[in-house]
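Next, two complexes with subunit A in common: one pairs it with subunit B, the other with subunit C.
Then we have the complex of A and B:
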């Protein structure tokens, strides 16, 4: 008889874990809602797709890369909006951006009518969709306006899981949200490392240097420096629980965006003549600004 | 981008609708819905032009065993014939579950 293999508790935990990152946008939305309550609005069968991509020779997607689903979280009415990072890098075009903004608007109207509808935004996004640039930017402005209007009623929670990350316009949406949940695999930054390297050269940033990049904008670093509120493992159940706990907690003591003066001070005090590492920043900016 | 369409005779049996896949690199998405008539209609939007013969071969093979009256709409982003066949199979299995 072969002796049973001894596995460390850590390996056992990993083998029991169900990845959230590997779920597509629709499965992520279903995961965050209470089981069996997922009800999609403007799903793929409604065929509301980008009118602009085919004009530029690009194949559209039936849901334009954005899944909007109603249901409940912890038994309370909720809407989850999940971006699909694999379609056009999770970029925000007219249709998917408007779906997102209007989902926030409907949740706000619910709240105004006394139905406390919760909102979660699961982000995988490179930012505005370059093929729909101007309309995309306008729609992103709508998203911010609706997010800010909604967060007065109820917390708006952003989940950034990976592997696309959250950049450009949607990084600001994360900044405007009530709470940000991140995995270690996720990245959050205004300008993506590839874009900085392309624009400023490899001597400015080497986007292939993964430890360095994640050290600057990865989930662990963003949590340590206060840009994220909760750091989670890539575990679908853990992320679902984290969302529930934040809603139970209610409104944050202080919105991150209310601390903008402190962030400006921090940035203007930085000596940009030297290259800062993630550790340097953690030491300089101990704790969050919230 | 190229648009293609094909038609196949069916048994007239209507399938349940089902959606599968993503328009990501090397992948495709499929919408499978009951067709309005007794014919199966396949429309394809693909990012890679010039492969009409390959699409026909994959679909001819698929419709050797599939005979439901379906509208199959495909958004393809450079999937290989093997991936296309697997996604079609997945759509059929999903529409029957």
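Then we have the complex of A and C:
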């Protein structure tokens, strides 16, 4: 008989942990809502799919890569929107983008009627779906309009997990949100590293240098420089708890997107004649990151 | 539809506002002025190339971090100043290549600077300021979203140099693994992918597409022409809801955004039934 191996508490915790990243969008939405309260809106059986992808020989999906579910969080009415990174890179097309905008719009209307409905957006997205280009742009503008309208009533929380990251149009949605929760694996950046390398050259950004890229826009860096509020492990329960705690906290003292005085001051103090590393910005912005 | 440096944004800003828009602080690319339009004061905003920008990746009228944050400050101060009075119209003359692509930009969070100016425009609109985007040149990707997307009304020049798109053609071809020729062919049958402004106008997002003689060189006549369209758009913005649903309720949307309309209808029904 083999003697029982002594496992460190760290390893034990890891083995008990349930990954959030490994969950698909539907399971993520269910995870963030209170157990048994998940009600999907415009689910796969409604079969509202992209009208543009089949015209280009691309197989659409019945939920267009976006799951919207109503339920409760901490006993309070809530809507969760989860983007599926595995379908078209979580890109924003007409249908999924409109689902997202409408989820915010309907939550806002409930708030206006005195039903304080919460909203969480779980993001994995490469940005606008180029196959639906300009309708995608219009829909993204409509998402922003509804996000800004909703956040006046109640916090809007963005969760960024998974390896796809959050880029382009949806990085701005994260920027507009009340709170951002990130895992270390996640990235949050307006332009993807490949795009910057293509546009500006390899000396600007070497997109193949993974530690360097995560040092710019990875979860730990974003948290350290105040662009994310909570850094979590890839643990479904921990993320769910973090969402609940932020809602208990209520509105942030100041929205990041309203902090122009602070960012203008920070930018003025930087020497732009040289390139910086993630560490340079962490040091420059130390203390008062938020 | 070139990506080269143009000065349309600056020229139209100057023609409309009668000012060079120079500011005591902030980037040289950000032009701001108050001027009289019709019977009232309006705020004009534009981006123009600034070869001396301290951010080297934001020298040809890109939306960069300084443009985003200082632009936010300018819009927020208009909202604050008019809090208890008449809400001044905010007119943005749009000719901006795209967002700035750079390492510095990502490190300091260009996504936040862009989000901030979007929020400022949206909040101005919701507070009752008529927000008008006059697209005289390029509004591509981040520059469309940051400068034009939140407007009550978007007006564009009907001209081959005017471009509203998610991404320039060469980059879009590369990313979708298509040739430019294939992309052109697809654009013929897939309207949202097309690069010409007439196709964009079919989608119902624009308030008006206007034909302006010699759009590179504003004249007294064309300036007056554009001003009268702006006055009309401002009046319309004041008498219609301050959200963006008129885009979705347009004739164009009925033809090309049927899926959007279906999502809106079904989700509203299902939400109410829960």
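Going forward, the second predicted complex is superposed on the first by the 274 of 290 C-alpha atoms of A that agree within 3 Å, B and C clash if a C-alpha of one lies under 4 Å from a C-alpha of the other, contacts with A are read in each partner's own complex, and residues count from 1 in each chain.
In the analysis below, contacts are C-beta pairs under 8 Å (C-beta built on N, C-alpha and C of every residue); 3 or more make two chains touch, one makes a residue touch a chain.
As the structure is a computational prediction, the values presented were derived from the model and not from experiment.
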{"item": "Partners on subunit A (subunit B, subunit C) - clash or fit", "value": "fit"}
{"item": "Chain touching more of subunit A, residue-wise (subunit B, subunit C)", "value": "C"}
{"item": "Touching partner for A:283 - first (subunit B), second (subunit C), both, neither", "value": "neither"}
{"item": "Subunit B versus subunit C as contact partner of A:140, first or second or both or neither", "value": "second"}
{"item": "Partner chain in contact with A:130 - subunit B first, subunit C second, else both or neither", "value": "second"}
{"item": "First (subunit B), second (subunit C), both or neither touched by A:87", "value": "first"}
{"item": "First (subunit B), second (subunit C), both or neither touched by A:59", "value": "first"}
{"item": "First (subunit B), second (subunit C), both or neither touched by A:275", "value": "second"}
{"item": "CA minimum distance (subunit B, subunit C), superposed complexes, angstrom", "value": "14"}
{"item": "Shared subunit A surface residues [contacts with subunit B and with subunit C]", "value": "none"}
{"item": "Interfacial residue positions of subunit A with respect to subunit C in the complex", "value": "39, 41-42, 46, 48, 50-52, 55-56, 68, 70, 94-95, 98-99, 102-103, 106, 128, 130-142, 144-145, 148-149, 168-169, 171-176, 188-191, 195-196, 198-200, 204-205, 216-217, 225, 227, 255-261, 263-264, 266-267, 270, 272-273, 275-278, 280-281"}
{"item": "Complex interface listing, subunit A residues touching subunit B", "value": "24, 43-45, 47, 54, 57-62, 84, 86-88"}
{"item": "Touching residues on subunit B, where the partner in the complex is subunit A", "value": "1, 17, 19, 22-25, 27, 29, 31, 33, 45-47, 73, 75-77"}
{"item": "Subunit C residues touching subunit A - in the complex, by the definition given at the top", "value": "54-57, 65-66, 69-70, 72-73, 76, 99, 101-116, 118-119, 122-123, 125-126, 141-142, 144-145, 149-150, 164-167, 171-172, 174-176, 186, 189-190, 192-194, 199-200, 203, 205, 243-244, 247-248, 256-260, 262-264, 266-268, 270-271, 274"}
